[in-house]
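In the two complexes below, chain A is the common chain; its partner is chain B in one and chain C in the other.
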Partner chain A sequence: MATTSLKKLSEREDLLSGGHAACPGCGGTVILRQVLLAAQQDDYHVVASIATGCMEVVTTIYPNSAWRVPLVHNAFENSAATISGAEAAYRSLKRQGKYEGKVAFFAFGGDGGTYDIGLQSLSGALERGHNFTYVCYDNEAYMNTGIQRSGATPKGANTTTAPAGKVEPGKRECKKDLTAIVIAHNIPYCAQASPHQPRDLMKKAQKATVTEGPCFINVLSPCPRGWRFPPDQTIQIAQLAADTCVWPLYEIENGKLTINYKPREKKPVTEWLKSQGRFKHLFQPKNQYLVEEIQQDVDARWRRLLAREAADSEEPE
Partner chain B sequence: MAELLKKDEMKPGAIGEGGTMANLYTGSWRTYRPVLDMEKCIHCLRCWILCPDSAVEISEGKRQETNLQHCKGCGICAAECPVGAIEMKLESEFMREEQ
Partner chain C sequence: MAERVALTGNDSAAYALKQINPDVMAVYPITPQTELMHKFAAYVADGEVVTELVRVESEHSAMSAVVGASVAGARAATATSANGLALMWEVLYIAASCRCPVVACVVNRALSGPINIHCDHSDTMGARDSGWLQLYCENCQEVYDNTIQAVRIAEHPDVRLPVMVCFDGFILSHTLEALEVNDDETVRRFIGQFERPDNLLDVAHAQTFGMFALQNYYYEFKKQQVDAMANAPAVIQQIGDEYAELTGRSYGLLDAYRCDDADVILLGLGSTMGTVKQAADDLGEQEGLKCGVLKIRSFRPFPAEQILQAIAGAQIVGVMDRAVSFGLGGPLFHEVRSARYGHQDGPMLDFIYGLGGRDLGLDDAKGIFRSLADASESGRYEPTTRYVGVRE
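Moving on to the complex of A and B:
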């Protein structure tokens, strides 16, 4: 039976071993562990592909692998295309009666491999309707190559290619709303999650596993190195993202949006910005306008989510 | 535990067996070591599910000692423990003790 009971899950083998080379306090490996543990449920076996990125680099240092499930790494841009091929081959084998087992196909990618470089292969795989789940661990920049800005980097963040200095205030552009782009593909299941609520994330991974057709889960992956915070605060930072509504947790099942976490008291975005060194420069008087803009962006998105949830709940089943 | 594969035993590009990174030692990365007070522990397993290094060991639903071969000392377990049962202590103190 599918379960998110930690006690029951702890009896299973961890599908990502220790000894990998992720930085201390990495959010990405926490996400991988939770998703893999949850997905290997019932009689499903996980087959995964991974885009080039932090998680690929740290878990597959030749000649070793931290993965205890079959994993393909192909290139930066084609995690979704690679898993599409594996899934098509699996369907063919099933049709020919050569394979009986149940396989849950998972594609993993960072924000670089998903928001930017792998976007077209992701979009193609979603549109073709392959039965797989794409999990994006979003650490909001190209971390393993040295914190270069990506389409997922939020406004005002200091990165090595959009540095904050005397003239520039860090990245000037808004973060791409990838989850909204994926929703526009009208896939059966799409969610945003965060590792600080393991049961929520694991439930979403399990839903995606059993849902026929393409599914997408976008998971915030706090990065101590790139976001500039002490490594023990990874989970608290993820919690803060949810409490400030910077990273809302929601899911869309067959077109119906549900918000999974509504903070009792929505915290001001300054608390989120203050927690990380990459936003330090925003508290200089000349950058005050950016803090206000960021708060307005967050508020507007949160209002739109609440409105969509209310509208969806009124729609007849 | 899976045997560590040698480079000449494998075909280029493929890794024959999963989970072999478990044989590697990342304990030397630690500056702080998590020390668990077993009497305070309520076995909620939150440290286990939030450990980035799969270093928290559980047996029959009960928290065991941390796997110091893999633990990098990030301190997430101590920060997230709801009852404050884990304390981060400087690794150098243990070195002095061991000497």
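Moving on to the complex of A and C:
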């Protein structure tokens, strides 16, 4: 049986080695390590693809690779299409009796490679029903190229392409709800997770591994450089995202939604905004309205999640 | 046993692919390629192939999936046309640099815009620097034969590069021709098994494919592609010879027709070469003009040496280009002229023709030969680039 016991996992070899070039405090590499350790258990072997982006750049600088599982990097927008080709190869070779072994296919991508440029490739692979899991490490902007605004950047954030200036308050638009878009594909398993809850994230990775068909896990990936917080605060920042309901942890299994974490006391969104330099300008009086809007957006989304969970629990099994 | 059948170009390619029986194919509809895909999908639906057919949501994903399949150790193929090839562009280069020996049937069609669905070579000409080999076909027999040989050429250990089999949209893709096909067993034996020693599914030896190579390594990756491409002419010839022994149909890097004692030689690619051969025959018989035709089968690698040998005796050489490099002229013309530099003198004219499917008939082909003969006789070679059949 696959384990999420930290004690047991600490005795295993990490499948993403140290020595890579990620920034101090990077949430992305923590996520990769947790997912790989969780998935490669029992008789499963992980085979992965990765989109161009931070994690690809820092872990695969030739002639060194931090990956202890097979990995293919193709381009920016095609992590899902690439893994669908590899998975098709696996199915074909297995059917012909040319391959033994059990593979768990994983595709990784950042928010740029998933919410934006890779959305079509992801949607196609989900619709086609390949047996794989897509993991998005969402650091809410194009961090690799220098903190540019993406579809995942939240309202009010300061980025290099939507900077907070004399007349502009940073990004004016809401964050795209990618998880909802993925859910609309009616895939068997979909979740949101966070690296501050390793057991929850790893359980989700394991559920996805054993689920037949396409699965998706959207993981919040705090970025000290882009979000402007000290690198020793990564896990606390992730925790704050869950406690403010900015990043709810939930999963949808065969159409049924379950919220995995409900803060006993939902913290105000200002605590989240204050923790990061990218939101600093929001506390100028002229931007006060944006803070209110952000709180309203978060509340509305949280209410909808609670309502959906309640509705789903009443549906007959 | 070989068999004589009537097939369109698309059906010829699909039939060859059925016999190749690739592990994975990824395809997306586009005119005029689509019927190739229909035919192959029917083979899948009837259980005549083992292929996993991935019906992707775009050509970009088709090429991406083919790369994923190929690095996973599968024999993989795709097919497309024009804008579809353009959408694959980014990944074409990656397929070559990841040394994926995949085959793509490209049914030549004019690139937009204006949007057009008919034949020219603007699509594959634009991909000539992508690191793929390119074989051009004159007729449906060649479509069939080249598709089969492409697998061997691509997978040859001295090459290990992707191959495009290029054939003219509608003119070949939708035209029924009689051709000879091999039996399944002959094809199966000829192409053999595909094995990729380093592959993504080898979980016991985890490797990273498509790595990030900077100033200190990128150049060496590229030089290895240069070297592999330099090995390709000998491999194409060797596999062509082997195929000739098996089928009686011989294939080399090019096909010289009546070139030995020709005063005027026309070079070109694809189906038009059939028309041009007929024109050469007619002019020889009716007007005593000594005309030769040099059909280039392998445009990448570019067979410079063999071309020079074939045209050495000509008084004048014409090149037919079904594509244009804006601000320069015809791509084939410029490559041939560059190949001659320092080795061979002699006048040359460039004939741009057939863009967007503009028809080139027998009389047009004869007119091209006559204008070459006139230029040779008068010594007047201007303009160098001529646009055949365009309204001005």
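Just so we're on the same page, the second predicted complex is superposed on the first by the 317 of 317 C-alpha atoms of A that agree within 3 Å, B and C clash if a C-alpha of one lies under 4 Å from a C-alpha of the other, contacts with A are read in each partner's own complex, and residues count from 1 in each chain.
Rule of thumb we're sticking to: a residue touches a chain if its C-beta (ideal position, glycine included) is under 8 Å from a C-beta of that chain, and two chains touch if they have at least 3 such contacts.
Everything quoted here is computed from the prediction, not taken from an experiment.
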item: Which superposed partner A:Pro195 touches (first chain B, second chain C, both, neither); value: first
item: Touching partner for A:Arg128 - first (chain B), second (chain C), both, neither; value: second
item: First (chain B), second (chain C), both or neither touched by A:Cys26; value: first
item: Partner chain(s) touched by A:Arg264 [first = chain B, second = chain C, both, neither]; value: neither
item: Which of chain B and chain C A:Tyr62 touches, first, second, both or neither; value: both
item: Chain B versus chain C as contact partner of A:Lys166, first or second or both or neither; value: neither
item: Partner chain(s) touched by A:Ala89 [first = chain B, second = chain C, both, neither]; value: second
item: Chain B and chain C footprints on chain A, overlapping residues; value: 60-63, 65, 67-71
item: Of chain B, residues touching chain A in the complex; value: 4-7, 10, 15, 17-26, 29, 44-46, 48-55, 58, 60-61, 67, 69-76, 78-80, 88
item: Partner chain B, residues of chain A touching it in the complex; value: 6-7, 9-11, 14, 16-30, 33-34, 59-71, 195-196, 198, 224, 230-236
item: Residue ranges of chain C in contact with chain A within the complex; value: 23-24, 26, 50-52, 54-58, 60-61, 64-74, 76, 90-91, 94, 98, 200-203, 206-214, 217
item: Residues of chain A touching chain C in the complex; value: 45, 47, 49, 56-57, 60-63, 65, 67-75, 77-78, 81-93, 95-96, 99, 101, 103, 120-121, 123-125, 127-128
